[in-house]
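Mind looking over this structure? Questions follow.
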């Protein structure tokens, strides 16, 4: 077996930076990852997105070699690294809690790994200088982490990954500990960094805005399994199943239960879905109709659309740039997102309408898209 | 002294539920609150919004009587409660960390305070039943907090305030420990609760979405002082100073430094601001022009607007319902928010434009709105 | 290319990416950790398990001055349990143990609560309460012997104040001698408990306090009904520390009372020691220590199982 | 060579005696004495000695009460064979009673050097105390009992009794040999005769023992020398203690006959128990140390050392051929008894440490509680009978 | 968008309530503190009573040690000395006798120092590595060994004395200072390992992971990342071990020779070698002298100890 595993770089892995084959991991009897397969292309920014506890960090730790897998194989840059030490895998990693070495200066933090690898001193200096300039850390090099702000700490943590000169970066919720404003800024910095470096990046988050804005592709995980792996746009517009549909989007997609008969959906409202882009041959039966709050039009704009209804406004949430209106269709709460300029009051009646092209339909039993 | 506490309601406080007069608080030499004045009307939902450490919690604790003030007075429902015990002030309070009594059941948590106040047993039962039904806690009454989810715990904490049958509720970041989805749900529940009960609520948060959606009025605090006290709409559209302008809105307002000469603004772009609703008589001099990313139009829509420019797209952040585009005017980063359907690519040129009516102008020296 | 075994045992060798290409060998996985933990493993196996087993085995022999494998069945145990001194020792340990545990916890908690009231000189008070912990039992014994000395100490003083009928001589009164042990034991040990409890109190979420103040609950009730139950883990730590000390109670008895008057303050550990060395009946001493071991296991195993079980279920 | 000697002779008289021995040893040989005193008592010191011997780190010489205590160490071959020294110096001829040498002999070989004879059964009285109470100084147990009420009246403790097990047991042995007589003592301890054990004599002795408990009540004493000190001060009337108490009297500058009285046994026929201390020499690998060991063994039985040591300690020499003209009347009385052959074996020679320990526990319990004389007797019989 | 959508500034609610905000009559400012005094009296009263209980023995020790024997016999152990004498201290330090050795505690002091230093360093080093391996490098059975170790904390020492004599004999350390050091390492291990384990498990595991990604090995992570940030727990461990080892009597007396007896053994010897009257003043002075080292450490370390305990002990 050892022979087989020690094979030369494989042609089938060309262009694939990280490849995960049939990876399983269990803590005792609890299976956390189950037969997971994933290929990350070279230079790709892949985001692992999912609710807390779905196994994102565990998967990332497996890739990094910090958590031995129960079963399966991991290839990085064409090498089988399933049993390699973390430092030998050609990865850099950034953690949510920064994990800076508190008693070392910023410079010490950046150079620790290189010193361990016995990189020559001038090479270390060169790499630190480069990382520091990329991340604007120059004025901080002599400080200790305690004397840095959250954003600065995270930049140092990224720098620590950067100096390792590796092909693959792993991020585990790097921005979660920062406040909203800083998070938005660092997000853009990260995006720029990726554009400049072109490395493969695997990024764990449970913040969908981060996922949507950063990712080339998003893998949505649930219970240790990947639910959908696609571009942000695809995931947003064509969620593969009910879980993804409900998970992505804030406010989330409105989901109306009902029956599909031919092209007619009977539920809290009756809708002719002609024009919907079916994935499979449509079958009649229990179905769920999903429509994003921002795809619902109101007032005059609604009148022109094929699917229409009237609803009473229950709660109005002004959010500045836009306003979220809570109504109800039948018993199902129904959210509508309006422009911030629109004025609606609680208790008023609202005409709403939407286009079949912008909705999603799911099989109620299998929960998958139809 | 006890006499003074029991004074008659004062006519000048009619319609005012909580009144704070010249309140100061210092920890040793550090002044945390400085001569603060604030009137909260009966039935009003007031949100205290500000960055971490600005004194929001401290102010709330002063109102609750948990933190004795160094100077000043506090009136609740017309009574001077400056020296009163927290439990005598007619307030209920909800904390970020829930602060449930862990070894008591939900029912015990709800009733412990009432039992202490020697409320008759059937009255206790009645109030618990009412609070439980309002918050849908009935199935949880016999459980202990450890067996509840975060959202359920926070509902119990709210219930504990509810059963006290008080006029004023104080919330200290009650939703901060919850995940985004739950936060959005509980936010709506809170809003409904306020609509139904009509109590006065004072709510501390650093999440501007919460502030915008919940508040009747928002008080923006900074360094122990109130920067602006106004409706969410006002704060969003007419920020009183640069701090508020930068603080509110996500992504934040674009702020362009320049000079105002007559009605012409010279900065990274030259803009004729005729049509801007000046607060004060416009004076020439250093000024800052602010425009929210969502008020910037692009392409054809921009062409019709009085202020126009061309900018190169640096980064595109798709966020589902909308897309954030980072450009640059002169040296200043400039954000534009587009609809999610719009397609832009990095490096393309973008024509942008906006209306003088939707911008804000600030004096660069005093940082206040002009 | 190194063979799989060497590659497994030296994970840091080889090229950056070609270090290890076969599955590692189980026993050699993590080898530096295992090597570093060798002292612990040896201690656990050789000293704690090995010595205990050695003792248990020899408790079935009639070893006298030197250990001998001359088995006599349960004879030592039969004799042990028919010895009045052993019964008295067990009784004393039970009484002392329960009282010391309860009192130390109660005093520790009370003092921690008092220290937690944002008082001035907290450091000073804390140091005063903690300092006896720095002293050896020999010292503690000598001092309390002196204070309780009927001719010079407390009794003498009180009598000197005019209460000539006053009599308090616990060191020579078989019924009161436990009190002397308790006074000295708690004097020495409660400080650490106080410090741990204080740390526990400080670790409790401030908001709980605020909530109870808003609810109008008096401070003592908050401590009793809310804070106390929240301190369960801290109490567990204290109970472990205190009871480990109680079971081993020996030095204090020797220094303070020598088991007297008569055999009124004998404890099991002293029985073991005296029989093993004074009376040169190792077998009997081993039987007694095996009983102590059994008692410890009887207390600890359910506790450990309970904790493990809880961990698994969460 | 340096010879480390461990012992538990730390009280005033004892230390003075050791001092003498060490001085003579260093004077007469080229070796030096390294003192390894361990305070407390035998039960503190013995485990330390035993564990060092079996731990392979033996001291040069060590004190043991001779008898069964060290027998197993000898059996295990851990003790130096002194037969040559003994034969060369004619120990068998000089040591009196010769049973002391027998106690050192195992399978015909000699393994220890007897140092002194302890006679535990003495009653020491404070003449000034009796004077204060206005009664004749007691010379027997019966007289002490009779004088007790008057002594109590005068605020004097009739019997100073340390509450430690070995002291309470010592009183019991004294009563058995003193009241029951030498033969009875032998029947009880040496022969473990069923009849004697269940005899009225023994029951009666236990009744007397209970009376002793009453006479001692209120004393609150633990260490034996604290009790002796009460006699010296005159705040207690009598103490039953071994001859080593004389060392304390001497140290306090008291003289026999004028300040204190000494009475062998408790008033009956004077018999003396011949036990005592012996020095053992653990086997070691250093030839120089072995040399020093032999030298010390020789010194111990030298005339000079016997005189100096025993005079300081107040005990009796083990050599019958020494003329102790200078000794006081108490020692004289002891010597005479010894000469007359009125001896009984000490308890260490007839009972194992184990049984002795149990008896000590029993008597300590008896003194520290209100255990009845009958129960104590019953348990005593049981302990003695279970002796193998 | 017309101006009408934006209410004029004047129509907006007052920007701050200042115009209405003058103080009204009634209570203002700080709560008067007098109301709390009853409670404060109880708190301080309680603390003072306990302090008396704790300090009394110390007081008695110091006072007694400064009196001459005649004064002690006359009287009140609590009374301060009429005539202060340092004789007992001098005697206890340099001339109190045990058997033939009349050099007081001075020799034992240096013996204790010679034992405490290596034993403390070694036992803490071993325990710290144990704690580290237990938290960060779990291997099969590591928890089992740890559990056994904790059981060991409960086993009465007497049970171990004999077998350890045999073990020490077999490895040839019986009677040497290193044998005693080994014994202290073994018996200090359970509690100190527990402390370190708790402390290390309270550190973020990411730190450890980051160091592994950085290529640091078992010792590299321990020495260069974890140890430098473990000052509080090392302080606690040092204090516990120094005092524990300093105060040890049983092991000191059994596993060493007289010439290297620690101070406590000599204290016991002095206290129990009664020569005529008990010299209480010398005993007390000796007692204080013996306690001086650990007491100083406690008085000096103060907060550090408490902080370390909080870091290492509170989490069960």
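Letters A, B, C, D and E mark the chains as written, and numbering starts fresh at 1 in each.
Definition applied: a contact is a pair of C-beta atoms (placed from the backbone, for glycine too) under 8 Å apart; a residue touches a chain by one contact, two chains touch by 3 or more.
Chain by chain, the UniProt names read as follows: A, B = ABC transporter ATP-binding protein; C, E = Sugar ABC transporter permease.
These figures come from a predicted structure and were not determined experimentally.
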Neighbouring chains shared between chain B and chain E, ordered by label: A, C
Between the pairs C-E and A-E, the one where more C-beta pairs touch: C-E
Mean-CA-position distance for chain B and chain A (Å): 29
Whole-Å gap between the CA centroids of chain D and chain E: 44
Approximate Å spacing (C-alpha centroids) for the pair chain B, chain D: 91
Chain B-chain C separation of Cα centroids, rounded to whole Å: 54
Multi-partner residues of chain B (at least 2 other chains): none
Residues within chain C bordering two or more other chains: 12, 273, 276
Per-residue overlap in chain D, given as positions that touch at least 2 other chains: 47, 54
For the chain C and chain B complex, residues of the former touching the latter: 205, 207-208, 210-218, 221, 225-226, 229-230
In the complex with chain B, residue positions of chain A that touch it: 51-52, 179-181, 184, 187-188, 191-192, 195, 206-209, 212-214, 232-233, 236, 248-252, 292-294, 314-315, 317-322, 324, 326, 337, 340, 346
Residues on chain E engaged by chain C in the complex (per definition of touch): 43-44, 46-47, 50-51, 53-58, 60-61, 64, 72, 75-78, 126, 129-130, 132-134, 137, 139, 142, 145-164, 167, 185-186, 189, 191, 193, 217-219, 243, 246-250, 264, 267-268, 271, 280, 283-284, 287, 290-291, 294-295, 297-299, 302-303, 305-306, 309-310, 313-316
Of chain C, residues touching chain E in the complex: 12, 29-30, 32-34, 36-37, 39-41, 43-52, 54-55, 67, 107, 110-111, 114-115, 117, 119, 123, 125-139, 142-144, 146-147, 149, 152-153, 156-157, 160, 187, 191-192, 195-196, 198-200, 202-203, 233-234, 236-237, 240-241, 243-244, 247-248, 250-251, 268-269, 272-273, 276, 282, 285-286, 289, 292-293, 296-297, 300, 304
For the chain C and chain D complex, residues of the former touching the latter: 64-66, 79, 83-85, 88, 150, 169, 171-172, 174, 258-264, 273-281, 284
